[in-house]
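Each chain gets a letter, A, B, C, D, E and F, in the order it is written, and its residues are counted from 1.
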Amino acid sequence: MNWKCALMDLPYGGGKGGIACDPRGMSLGELERLTRRYTMEMIPFINPETDVMAPDMGTNEQTMGWIADTYSTHAGHLVPSIVTGKPLTLQGSKGRTKATGYGVAFCARKALEKLGLPVGGATAIIQGFGNVGSHAAATFSSYGVKVTGVADVAGAIWNATGLDTAKLRDHVAQAGTVVGFAAAEPISPAQLLCQPCDILAPCALDRAITGENAPMLRCRILAEGANGPTTPEADRILDARNDIFVIPDILCNAGGVIVSYFEWVQNLQRFQWEEPEVIGKLEVILEKAIGKVAEFAQRHHLPNRMAAQALAIKTVADSKAARGLFP
Amino acid sequence: MNWKCALMDLPYGGGKGGIACDPRGMSLGELERLTRRYTMEMIPFINPETDVMAPDMGTNEQTMGWIADTYSTHAGHLVPSIVTGKPLTLQGSKGRTKATGYGVAFCARKALEKLGLPVGGATAIIQGFGNVGSHAAATFSSYGVKVTGVADVAGAIWNATGLDTAKLRDHVAQAGTVVGFAAAEPISPAQLLCQPCDILAPCALDRAITGENAPMLRCRILAEGANGPTTPEADRILDARNDIFVIPDILCNAGGVIVSYFEWVQNLQRFQWEEPEVIGKLEVILEKAIGKVAEFAQRHHLPNRMAAQALAIKTVADSKAARGLFP
Amino acid sequence: MNWKCALMDLPYGGGKGGIACDPRGMSLGELERLTRRYTMEMIPFINPETDVMAPDMGTNEQTMGWIADTYSTHAGHLVPSIVTGKPLTLQGSKGRTKATGYGVAFCARKALEKLGLPVGGATAIIQGFGNVGSHAAATFSSYGVKVTGVADVAGAIWNATGLDTAKLRDHVAQAGTVVGFAAAEPISPAQLLCQPCDILAPCALDRAITGENAPMLRCRILAEGANGPTTPEADRILDARNDIFVIPDILCNAGGVIVSYFEWVQNLQRFQWEEPEVIGKLEVILEKAIGKVAEFAQRHHLPNRMAAQALAIKTVADSKAARGLFP
Amino acid sequence: MNWKCALMDLPYGGGKGGIACDPRGMSLGELERLTRRYTMEMIPFINPETDVMAPDMGTNEQTMGWIADTYSTHAGHLVPSIVTGKPLTLQGSKGRTKATGYGVAFCARKALEKLGLPVGGATAIIQGFGNVGSHAAATFSSYGVKVTGVADVAGAIWNATGLDTAKLRDHVAQAGTVVGFAAAEPISPAQLLCQPCDILAPCALDRAITGENAPMLRCRILAEGANGPTTPEADRILDARNDIFVIPDILCNAGGVIVSYFEWVQNLQRFQWEEPEVIGKLEVILEKAIGKVAEFAQRHHLPNRMAAQALAIKTVADSKAARGLFP
Amino acid sequence: MNWKCALMDLPYGGGKGGIACDPRGMSLGELERLTRRYTMEMIPFINPETDVMAPDMGTNEQTMGWIADTYSTHAGHLVPSIVTGKPLTLQGSKGRTKATGYGVAFCARKALEKLGLPVGGATAIIQGFGNVGSHAAATFSSYGVKVTGVADVAGAIWNATGLDTAKLRDHVAQAGTVVGFAAAEPISPAQLLCQPCDILAPCALDRAITGENAPMLRCRILAEGANGPTTPEADRILDARNDIFVIPDILCNAGGVIVSYFEWVQNLQRFQWEEPEVIGKLEVILEKAIGKVAEFAQRHHLPNRMAAQALAIKTVADSKAARGLFP
Amino acid sequence: MNWKCALMDLPYGGGKGGIACDPRGMSLGELERLTRRYTMEMIPFINPETDVMAPDMGTNEQTMGWIADTYSTHAGHLVPSIVTGKPLTLQGSKGRTKATGYGVAFCARKALEKLGLPVGGATAIIQGFGNVGSHAAATFSSYGVKVTGVADVAGAIWNATGLDTAKLRDHVAQAGTVVGFAAAEPISPAQLLCQPCDILAPCALDRAITGENAPMLRCRILAEGANGPTTPEADRILDARNDIFVIPDILCNAGGVIVSYFEWVQNLQRFQWEEPEVIGKLEVILEKAIGKVAEFAQRHHLPNRMAAQALAIKTVADSKAARGLFP
């Protein structure tokens, strides 16, 4: 998280905390009491200027709403900036839901442009059709990029002429899986990853690209929508192949944390931005970051992943140097 | 106020307070001491995050300046965000004076568009030529809408080809009334309301549209610039007639509170917006609100007024649900 | 400073403080300890709402970084808004370095336009090629204004067809002076000031335009990039000549403090503006100020300098009146 | 309350607040949630320096404990000084339970001394044997004053040689009433009040001494342990009789609020006093007050009650004068 | 002040501030407004933990009351500890008025004991009969010390068998001077100082003991009730004579600041001490200080004044060393 | 620590923290920088109301002074209550150095009294002559208790008629050990523990009384001045013997933390107590605690150690119950 924020020049660090419990077995009342107690215990350690909470596994918008309410009741007035990922009605940000998926597609598009490939008519294969994958798919469609294959836990589908991603979304809303989508043919998920395409976007689990399938990939661009989708072994193979433009996860899926940051900024300003403004500012940050990474990689003959990591570390180091150590 | 803010999605509630006195009989020194004492007494209960003051009956920019100064002296630094309606020189907002009248005309224009009527050449009759009515008139003129009649407490005037609203303003500045304006003929105020026109904008007192005149209105759009200009009885008649597009007051005259909110936002950001930016952001909010109300009214077969009220209540209810109750 | 800020409508006052010492003889460690001690001693008197520090003689970005770090360590979280002129990596503002020089050229351009003179092909002579002069030169070039002469402490150069300011900057970076620049001929600094040109921009020391050379100036516009470059005696001569449009220093070199103010605003909002946005907002403020000054000078038959000063005083007086005195 | 505190020179004002509910029908959980919600709502209005809570009808030590805990959880550390009447284990004060009753007996003793009557062997009749009456009785016994009669809601008892107040307390603990106490004979409560005695101490309800029984009292000292035990009519009769030394309630039963004040002081100092120290300081305050009242009454030929009230008002008035009014 | 506090081990430093004006020519309203404005301006620089105000020339209890009220209104609750010298009704300290004079007499008595002289029947001459001198006189009387002479600006009186100081006080209250007191004979002030006595206490102006009269003093103890009553020249003479025990002013008249400190402590504790407790604690501090000074003087063969000063400096130096310098 | 404080009814919990380093190898400058850095890092977690520091292994008064200074510089004024164990010159407490040893002797004396043994002429053997042992020895002497033997790491000494503890202290100050003290004969430390005596006070290391020597002890009272001087095995043997009155460590050596608490209270009150007051209040607390433990042990037929522990737990449990759990 630290490095992702540093690479995006967001004034954020990183850190995770949570409650060791299984929320799936709890009633709504139990979840609320648990969340409020946790928030009260955290009050000495958080505030909008030092540490801001955000959703992760096992939490949702309602959880963030409880956190905001508990903190705000304590503060005596609404403090929306204490937590991001809030419902829109509690000063959440427009565009937050789609931000990660949108960013994946946007980064892939910028990569196409850098490689001198046409955007319209390019092809993309997406692993995962959850929040990230489905919004990436919709964004690809809006760019004229054909989504030719999609995989999820239940299986995978393929249509060489491009899937209708809006209809696919409706299908998944009902069926719970991409499998069985009418205008497509089934394909094994493992096979799907190795189909020829311009963009391969693993947007589901980590460790999707392995030492096994890395040599067989037939994409031009690997857009890492998931966190850690490429194993170190696969990474070495990709580096050696040197024919795939990798957009590393800390860059490719940074859309989510960027819009979380935007939510915080809007909350501090007490002014909501309309969705186009959110998306526009998101694009500015992503474009600058991808340019920086590509330029650094080229100049120092580094893989993109290492370039991204190096730039992130440099950003933190430069800040530290500019501040000094005191006392 | 609560519902007006909720309908506009402003992060504000409502509340009124004041001093039981007649400021008209007081010297400037008495007014200042009265205002400062009141502000000091209110200090435990107000701050930019919990409760922000704003002008109302018997107060003006100077009063708001004293409030800002008293609070700021107490705080040890200028806190412009404690009160809105301040003079420009104390971080008031550009465009605030004209905001309500501008909003009335803007809402009426949006109604014309919704009804498929041309804006240029449309006709408007305005009751009242104070701060609201005169700025509505000027805005109508800038849209190419002809202001054919204007009434005030002293009488009413009429010109079927449209009044020159800039000259009318100069006339009123000197004469203190619209009566006697050269390029117009006199008409009785009661008659004026029942003249045919596209837009009728009551911008003066409440209870202007009554059970008596409601059946006789010959406008297409009723733009409620005043607060509560339509009696409940008149309202029932208008609902039954079903041929007049009513823009209810909590929507139509919300321009003032919106720009008050903008003033607060600018003060929090310590950055002033130029007038075009203020007006542009005002239009975004009003257009969204009028669209929401019209859509909701149509979908649920409700009068606009009830739709607006329902949406406002729903906004508050959704927020309450998202926060929960604690402890 | 007070008057400069007032003229620009910035919500800032003025004030200077410092340590009586010679930083040139100090080690980096001594400078850091000195700065941190000073900052700690100042903590009761500064905060983002009451008094904000900024660089001046003998300090640089690193000094501002130490101030920010000391204050932030004390506060328990980063408080970038406590000081401006910070390194970019600590939330400094884009465009700050070039702001003063850019503003000088921009003001001169607006003066050309007011005088009805063409901008493209106009000529400018610049005294000083430090931070202010060199950025003024670059900006002139970008406008198509020919920089025909530049002076610094070591001497001056001249090229009637215009100097290549980008190459000149490279030359100075190496040689440490403009003297010796290939594509130019030498000229004595005193002579240079009296060469015919559209714009003469003294951007170095104070007291550059004196009773001696004022009668001999052959410029149409005097753009005061330095603080106090014109002696009172010279000022009287210029007023009497009445053929030179003087852009007084509190207007002409205000670009620096304006962007310092922007840095503070960005820090309060926790959101960085891209350079074009910074420059755009800078131009809005400068253009408004120059228009106001020129209009006031014309209306009251005053020299520009007196008009600027009068407007600044009026702004402060109006604010004071709007606040009143309490207790 | 205000006058009682003023008369005792405590730096306290007065004020009452509460929840309109019947706590007797509520579960412990309901009471706790009710108390905590109330405390949270009160947080903007209370703190150890502005307003301190204390128990009254329908509350007890546990309620005060919840208040302390809710406020302290909010503050982030134990703030015992936010509420008095806390359990000893939460920094309550030693001696608080007995304070009011002790004070009644102490005042009566001082009155005996003022009247030149011997303390040992004096007789006292007490109405009420709750917290106030029973501790008054025990204190009388410790002084060698014979308690010859006690009444409660169920009846009254009489023993001309003096009751064993320790045994009586045990009896009441079991029987729930003084009635049936072995070493005494029954008497009607109304009759009891009119028995001859040195001290009559109504320590139960208000309006115990009425126009009816006032002429028949045969005591030398009326020690008002209850609040308002003497009706205005009875008061006039006593004033006219002029043979009974009245210790008015705001003086006589002030022991409770004095020790509440001591609890607050101990909490501010974070240091508990042993019970003898509490009682010693209580005596100092009561003795000073009773002396002040008697002296003032004598000097101005006033009844004690009026003297007490006048002194209380004077104390507040002097403080107000010393502060002035600002702004 | 710094040294006086250090010598007494009070946790106070020193510092003076004020308004350059002549309060004698001002109305009560002007004085109040002046005081409140001054207090508001001082608010950023004072608080009970950093800087506490106290009365000095041209101010009185009422002034301190206004300061307390202004600060307290600002704070939102009574903050008595912001200023000492308050009226008793605003939490001033008992015993404060008499403290300095009492301390002078107490120190002189301790000196008598150190010199092995009897206290009862000893003789004292006092210069000045204002607040310091008159309370010193009363205290001497209470010790059995005979006050044989008193001087004031109008003259001096003498009675070898001892003056009745209580009657003298009454006389001065009426006559405004000691001159004319019945039970005494007149004497010139200059002569009075040189009469034989055990204790000479200059309690009026500075520079009372000069190079001229120092050789002629016939006292055993010089108790400096005034500030700086002995000139440096006189001091050298006394050192040389070596037969007079000098109680230097920073020790002898420290009673006032000690009780000011006690007032602050009582205010912090929100608990008033009775006068005997105040006087008792005052004696503990003075006795410890005089013992320390005498012991140090003896051990290092120093005059008392130098010993007192050295001990004061040592106290500050030790504290500084224990804290260190940071950052 | 928690249980020790609970048993003494101090409003303190327990907790330890520190820096993993060896201070013995560090320069004073390193120690100061280390301490200040640590303090700054701890600032979000400590304050006089939540967590107060105190000295332990590897720290001393100077360390506490640095902590106080760092915290106070941060706070802007001296906050002595942030740390106890400060030098006297920085508001440390009188009597703190001797407190633990004094408490050991005082508890032993109370035990003698409980057992009906004479205090004067009783005999005591002390293991350890550091801060605890030497002050215990001095206190025993002041009670008339004969100290017949003392051991330290270098050996042990014995004198059946009692050692002169003041001379022993001088001897140790020079020799660094008790060994070689003239007026005594040597004895082996192991033997010493088993000599007949009234009081055996192990004041050095833990695990001094073991399964081996426990059966051979010939004391009547075991006063545990050290922490954990008795092994669990020894404890079982002593319980079984049932002829030795054990004063468990959490009671016997609580003098130190009690006076640390007093230091905090004095700092909060900004008023220093004289040593007799400190010692007097210490005795009150210890006497109450020892009485409570003995009574509880007797009533429930428990060893003293278990009684002390049970009472401590009960105190914490009662407080928790009185507060409840929220939210």
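Operating definition for what follows: contacts are C-beta pairs under 8 Å (C-beta built on N, C-alpha and C of every residue); 3 or more make two chains touch, one makes a residue touch a chain.
Just so it is clear, the structure is predicted and the values come from calculations on it, not from any experiment.
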{"item": "Partner chains that subunit B and subunit E have in common", "value": "A, C, D, F"}
{"item": "Farthest chain (mean CA position) relative to subunit D", "value": "C"}
{"item": "Farthest chain relative to subunit E (centres taken as mean CA coordinates)", "value": "A"}
{"item": "Winner on C-beta contact pairs when B-C is weighed against A-D", "value": "B-C"}
{"item": "Recurring contact interface, reference A-B, options C-D, D-E or B-E [over half identical by residue number]", "value": "D-E"}
{"item": "CA centroid of subunit B to CA centroid of subunit D, Å", "value": "59"}
{"item": "Between subunit F and subunit C, distance of the C-alpha-averaged centres to the nearest whole Å", "value": "68"}
{"item": "Averaged-CA centre spacing for the pair subunit F and subunit B, given as whole angstrom", "value": "75"}
{"item": "Residues of subunit E whose C-beta touches two or more other chains", "value": "36, 40, 44, 70, 73, 76, 269, 326-327"}
{"item": "Topology of the chain contact graph, where touching chains are joined (line, ring, star, complete, other)", "value": "complete"}
{"item": "Footprint of subunit B on subunit C - complex, ascending", "value": "9, 11, 47, 49-50, 264-265, 268-269, 284, 315, 318-319, 322-324, 326-327"}
{"item": "Interfacial residue positions of subunit C with respect to subunit D in the complex", "value": "326-327"}
{"item": "Complex interface listing, subunit C residues touching subunit A", "value": "32, 36, 61-62, 65-66, 68-70, 72-73, 76-79, 86-87, 89-91, 269-272, 274"}
{"item": "Residues on subunit C engaged by subunit F in the complex (per definition of touch)", "value": "40, 43-44, 73-74, 76"}
{"item": "Complex interface listing, subunit F residues touching subunit A", "value": "33, 36-37, 40, 44-45, 70, 327"}
